[in-house]
Amino acid sequence: MATFDITGIVQSLHAARHNWRQTQSRNSEAGNRAFPSRDALASIIDSLKGVLFPMRLGPPDLRQESEDFHVAHALDAALHALLHQVKRELTYNASVGDAGRQAIDEQALAAVRRFAAALPGIRTLLDSDVLAAYQGDPAAGSVDEVLLCYPGVLAMIHYRLAHTLYTLGLPLLARIVAELAHAATGIDIHPGARIGAGFFIDHGTGVVIGETAVIGERVRLYQAVTLGAKRFPTDAEGNLQKGLPRHPVVEDDVVIYAGATILGRITLGRGAVIGGNVWLTHDVPAGGRVAQAASREGALANGIGAA
Amino acid sequence: MATFDITGIVQSLHAARHNWRQTQSRNSEAGNRAFPSRDALASIIDSLKGVLFPMRLGPPDLRQESEDFHVAHALDAALHALLHQVKRELTYNASVGDAGRQAIDEQALAAVRRFAAALPGIRTLLDSDVLAAYQGDPAAGSVDEVLLCYPGVLAMIHYRLAHTLYTLGLPLLARIVAELAHAATGIDIHPGARIGAGFFIDHGTGVVIGETAVIGERVRLYQAVTLGAKRFPTDAEGNLQKGLPRHPVVEDDVVIYAGATILGRITLGRGAVIGGNVWLTHDVPAGGRVAQAASREGALANGIGAA
Amino acid sequence: MATFDITGIVQSLHAARHNWRQTQSRNSEAGNRAFPSRDALASIIDSLKGVLFPMRLGPPDLRQESEDFHVAHALDAALHALLHQVKRELTYNASVGDAGRQAIDEQALAAVRRFAAALPGIRTLLDSDVLAAYQGDPAAGSVDEVLLCYPGVLAMIHYRLAHTLYTLGLPLLARIVAELAHAATGIDIHPGARIGAGFFIDHGTGVVIGETAVIGERVRLYQAVTLGAKRFPTDAEGNLQKGLPRHPVVEDDVVIYAGATILGRITLGRGAVIGGNVWLTHDVPAGGRVAQAASREGALANGIGAA
Amino acid sequence: MATFDITGIVQSLHAARHNWRQTQSRNSEAGNRAFPSRDALASIIDSLKGVLFPMRLGPPDLRQESEDFHVAHALDAALHALLHQVKRELTYNASVGDAGRQAIDEQALAAVRRFAAALPGIRTLLDSDVLAAYQGDPAAGSVDEVLLCYPGVLAMIHYRLAHTLYTLGLPLLARIVAELAHAATGIDIHPGARIGAGFFIDHGTGVVIGETAVIGERVRLYQAVTLGAKRFPTDAEGNLQKGLPRHPVVEDDVVIYAGATILGRITLGRGAVIGGNVWLTHDVPAGGRVAQAASREGALANGIGAA
Amino acid sequence: MATFDITGIVQSLHAARHNWRQTQSRNSEAGNRAFPSRDALASIIDSLKGVLFPMRLGPPDLRQESEDFHVAHALDAALHALLHQVKRELTYNASVGDAGRQAIDEQALAAVRRFAAALPGIRTLLDSDVLAAYQGDPAAGSVDEVLLCYPGVLAMIHYRLAHTLYTLGLPLLARIVAELAHAATGIDIHPGARIGAGFFIDHGTGVVIGETAVIGERVRLYQAVTLGAKRFPTDAEGNLQKGLPRHPVVEDDVVIYAGATILGRITLGRGAVIGGNVWLTHDVPAGGRVAQAASREGALANGIGAA
Amino acid sequence: MATFDITGIVQSLHAARHNWRQTQSRNSEAGNRAFPSRDALASIIDSLKGVLFPMRLGPPDLRQESEDFHVAHALDAALHALLHQVKRELTYNASVGDAGRQAIDEQALAAVRRFAAALPGIRTLLDSDVLAAYQGDPAAGSVDEVLLCYPGVLAMIHYRLAHTLYTLGLPLLARIVAELAHAATGIDIHPGARIGAGFFIDHGTGVVIGETAVIGERVRLYQAVTLGAKRFPTDAEGNLQKGLPRHPVVEDDVVIYAGATILGRITLGRGAVIGGNVWLTHDVPAGGRVAQAASREGALANGIGAA
């Protein structure tokens, strides 16, 4: 007797796939359509990190005199690889025949060209983020330490690249880039959010920033802060409505301490300070300071654990 | 003079190991017993992902006409590799001579056969989870995006495989499979928990679901939700009692928003909605809605940060 | 026409780097200075895990009779590799000519020798941590399972090595070692913290322990616990003051349940128990038990989600 | 000053390439045409070895009960990969617009289908080669040893696959497959040669078999045997004439000892035996035996070395 | 229609395997028996090179003070790996039940212990070979260059290890080790040959040394020299007789120049010099010098090429 | 009892090394001196192949518009890597203190700059070699096939790079580069030989070209041709004299067929044709044709094999 009934299980799995495809009205042609590749994106983003910061995130032992050679080569290769993935996203979403292929090729090329042109500006924004981290954390020893060690900075590199893809009409690629950072840092920034210069997230694990959040300049966040939606509006048929502004607006110079939960399309005015663990669903004026209500303090008691 | 006193440190480390083994009454034979390998399990699970979803999680450029060839081959190899790890767990736990080895071999084979037979059902359950995520998140663009990008779905693939191992009497393997997902997603689901079809965790970082939790169908959770134990019962001698039901029962169609902490063997009735950051240690009736008490709202104050 | 304007973008990126370096007063010589390598440290730490626990974290299929051969070899190689990284940190921080290089070499050698001598003691401390986890978790099946599966133990291995580096004046290396664990486990322990024997963190995701925290023996923590600073003291010019004690002191045998936030230089007395989600900014006496105030309980309401 | 004048050398290399392309009348479009990939072919051939001999040249630890699963999967993947390379060869040789692409696709598919259908016959022929080696070498311990250790058998596996490609009109792919064996064994068999069943080359280094050689069944060769052309016929304009029969015909059961050089379209009759180092440019009758002339024996002398 | 008829070809290949196994009387159990692994042997030999010459063939950047640590570790690992392969050879050759397994284990252990004990002597012999090459080649710049660059030395390292395996009754392992060198150097030394100290092969491509050859001390060979058998004796039934002495005896201090072919159980006396391309089938006295007969010189002629 | 007596064997190996080092007067400092790395050179040469022929030997899917970016980057990296190896060779050969290190650095830099400047000329020479192969082999289908498939061309790429290193006073690096080709092709060209444009070696296995050989333009060679030394002159003390011209001079347009052995400082005049297997130790005039003497033909006989 064979060790395992491979043939039987293969048939059952085949049937399970068949059922799924039927319920999903997915024909063979669509099922064969390639999805953008997470591994390919990971590799592209790694290259772009070296393009943006060649001496620190490029190949070991690069010297300044050789930077431009490395940047030109790596940029060229990364953009061509990205172009391939962009075509995958555009093809995946379209139902195209050969006629549509040329349109997709042109659209993809235009998008990657705009993406490429945005890179110097992204570098400048990331410099401001690095500086904000260095200045905002008493434990930071140098800007290089910040760039190389801080998960919040890693998340911002991914976010600023992902956001550019998002604005170019490539939400799938943007999502994959963002999830790569989420897996590495525990920081979940939706690429649709808009975030100004000099943004700093300390520690970072558990931070969630929603799709329509708008964040000004020099804002600082700590771990486990949520900038979320209060509710999901539905239309008359009860379907979720997409794209409506539903996450907070955070103005310049705001600080939000660890564990705060800020929900809905509210506005935190310029320079506001939100205390740790605060639960907040209404506007805060410029310069306002919000803390946990007194009752929030733990009371001496026959304690109950949450294990 | 040598650069380092390798010999001296090796001796001290030897002595430290010796002390530990003596206090642990661990003889050489037991110490040599192989523990199941995390790397091997990671590789097996990766193969099984391709077995379950060949076109999306299998090798790149697979075509539908070749699916069954890939599935048969990968399944066969993965099951044999799993069989090897199952024998390790069973041997690790037993203190067997050669006489016992045959019994272990038979037990291992029976377990892996049952595991294999469960795979088509697991695929169908995972399809329901994917669909729940697609329908539950306004940002989800397609079922493929959900399958490939959502950490909550990754955690469920691991969980459903791990839970099957757990029910087959292989808690170590189950644990390793679960921790692989925990490391990648920040979602910590104990393989002993029971979770119905159509389960969706959004964002996910910080979610903890305990060993005896029971979750119905179509339940939805957000980041940082804990389904935990309220206390650990001890017996007369003060030893922890194992296996007692101590985590929540969550009935069908319940939604639990981010940061909620649900503790103890309480029941959340069908369709209940639990608000964000809620701290809950008692039952909620079917259709009940629980929110943060008003005092929970942050008050304007001389704010205090949690950095 | 070329596909992409590589030359133009390379020039713009060059200009962006130039601007940054000018504002950072960073000349070419300093910019070429090598930063310690995260990849190298990751590899060194992996080797040291095998040095500390050869049968479980060393090469597969090692046998006890061969342990010392492996340990000697791996230790020797790891220490030399570490020596190289230590020189990088010392050089990065100094502005040295050739004259200073010898001093750095001597300082580096002395530091690595002290680090090496500390390893047997680290092993013994880690044994106590493993035992604490085994005894503190009703789900733990064996000490091997704890060592190989628990993210809290992984975090402690990194912490105890990182802390030793920190006390030897190598904060950069210490930081990198700590961030490697942070990325893998979601547990963020600053290497400056002092932690006694028998420390156990369960689940772990979201735990943050600050630089000046002091933790006694046999302390137990659950996921999402913060031992943070209440505020950052500034000097007369408004600059952050570094190094001041600003995080909690946690005495022996304290238990802190999930989600608790403990802020500032307060003291939790021996044997205190802090309930889940508690927000705490003042001392707790020995044996004290602190729980969430009653108002913390969720109220039945027109619930509001945090998605 | 920069360490190297990269820019200047790049320009000079650019100019050198430009010159070459101009003299070769090679426009950019043709230059971009992909050549079949040696690495890809190497990988395809490795897979086909496992398809032909799954238990010995397939994945380690395959079991007989799983052979067909492995074979089906590996064959399917290898044929698709081969199809891609076949298209490269056909495209490289053609100058095609989009119109021609479909014709090439169809031609490629037909060729690979025929190649696939030939595999079982190739296996049977290779079995006869293995058996011939086993029976012809007193040192051979088993057929498995022959299959796994003998360079002559490795060369025959490559040859029989390469020859099939050659007859399907794919001389480039055939050449690459043959050169892979040449590099590994020092045996250079042109894929155009025709070789019957039960062929055995012992030792093998330095063997050269030309394009139009015809070899019968059960022929045996030793190292450094050349079956070459005597001269290259030229046409009226002095150009080399291609494809004319110019290499020896070797009938069944011939043995040719080491270092023999057999040149031109001569015939070695059935069962002939050709001695070592013989230089031969005329026919040998069936059953004939040819040895080195007596003068060939070395004479005692003031020896002269060839270093 | 499917691209390829995978199922049909798989069946035909299955039938071809079935036929082969039937003609070879090979049942499933025997077919499953693992053959020693070429890849595993390659890795073991690489390790042993580092054991024998740690500073030159061991890991890069090893320092002399750390040599013994490396040697102990690598030796221990290599011997255990070799033990596994030895068991494979012994099992492959035997037809054993469980009863025989213990005998094989004991036999394998004894063989590997003897092999290990022989290593210091092998190192000393190889030192003499290196020195011979250094002294015998006017182009050799240093003993390190010889050790690291000369294919003849690489072949001798493999030969001396392979010969030791051969004398321990492990001809399969010996053969694989020898073929690894053959593929890398074009030098084919049968592991059964006996070769004294200070042996040097220059250039080497095409050298063949047969199983029963006996070579004294300080012998020097150039490329394409054959020490072969003149004929294969057969017994009354016409079967090849194995193990009879059939290759030359070469006494101390003999030099054999390139391309010479020495056949049969003849003796080249001490200090003899054999000229290039000589064909020799009879004894040469001590101190004799043999050169190509005069007629061997090429004559001016209407030349004939061998292409 | 331990499985193996590791400690004892390590000690014996230690003693063997000690003996060797004593007889070689090799102190610890010299023994620690790094030898140039074969692996590093292999990687450098691979990069330089892509620098010289970016579209065919560079990264797959490179496009002509991106060639210069790739070339600049790869050239820069390869030259820096080569600089490191050049310093190793110069240091290995010198016995330097810190004072000498600067001189070595300057010498190394000057050598690599000259090497770099030679690359465009090398490319042009190699183009002539490729063209010669294409025109000289009736089987060659295209210049790309020649470049990618012909072992003779591979050998020439290595030779032309190695020769440049040799003329820059780097014989060790040159030797390693040459041996890499020898191992891959069986063609052994000493880097000291001088070879003009348009050189073609067909088949190639067994070709040996000595250090002082001088070869003109458009020369063609076949497999197993030796251009060797007739004898090694010794000085009064019997030591080998180095560097004396001792290999043939081959003038323009000479053809040498397979297996010919040409020995000593003789001259083959312009356009000479040397037949296969010829043994030649005297000059040949321009246009001369040399063939095997008639007696070389094999005679029908009671054949004797060379197995």
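Every chain is named by a letter (A, B, C, D, E and F) in the order it is written, and numbering of its residues begins at 1.
Criterion: a contact is a pair of C-beta atoms (placed from the backbone, for glycine too) under 8 Å apart; a residue touches a chain by one contact, two chains touch by 3 or more.
Just so you know, these numbers come straight off a predicted model, no measurement behind them.
Here the chain-to-chain distance from chain A to chain D, counted in touching steps, is 1.
Of all residue numbers that take part in the contact between chain B and chain C, under half occur on both sides, making this a different-residue interface.
Comparing mean CA positions across the assembly, the chain most remote from chain E is A.
Ranked by how far their CA centres sit from the centre of chain F, the chains are topped by B. Rotation relating chain B to chain E, from a C-alpha superposition: 180°, rounded in steps of 5. Counting C-beta pairs in contact across A-C and across C-E gives the higher total for A-C.
If you match contact pairs by residue number, over half of those in A-B turn up again in just one of C-F, B-C or A-D, and that pair is B-C.
Centroids built from CA atoms put chain D at 53 Å from chain B. Here the spacing of chain E and chain F, counted between their Cα centres, is 25 Å.
Counting partner chains per residue, chain A shows two or more touched chains at residues 3, 6, 61, 63, 66, 69, 72, 75-76, 80, 186, 205-206, 224, 226, 228, 232, 258-259, 261, 263, 276-277, 281, 292, 295-296, 304-307.
Applying the touch criterion to all chain pairs gives A-B, A-C, A-D, A-F, B-C, B-D, B-E, C-E, C-F, D-E, D-F, E-F.
Considering their complex, residues 2-3, 6, 63, 65-66, 69 of chain F touch chain C. Looking at the complex, you find that chain C touches chain A at residues 3-7, 9-10, 12-17, 19-20, 24, 28, 31-32, 34-35, 37-38, 92-93, 171-172, 175-176, 179, 182-183, 186, 188, 190, 192, 202, 205-206, 208, 211, 222, 224, 226, 228, 232, 240-242, 255, 257-261, 263, 273-282, 284, 288-296, 304-307.
Within the complex, the chain E residues that touch chain F are 51-52, 54-56, 60-61, 63-64, 67-68, 71-72, 75-76, 79-80, 83, 109, 112-113, 116-117, 119-120, 123-124, 127, 138-139, 141-145, 148-151, 184-186, 203, 205-206, 210, 223-224, 226, 228-232, 258-259, 261, 263, 276-277, 281, 292, 295-307. Chain contact summary for the complex, chain C toward chain E: residues 59, 61, 63, 66, 69-70, 72-77, 80.
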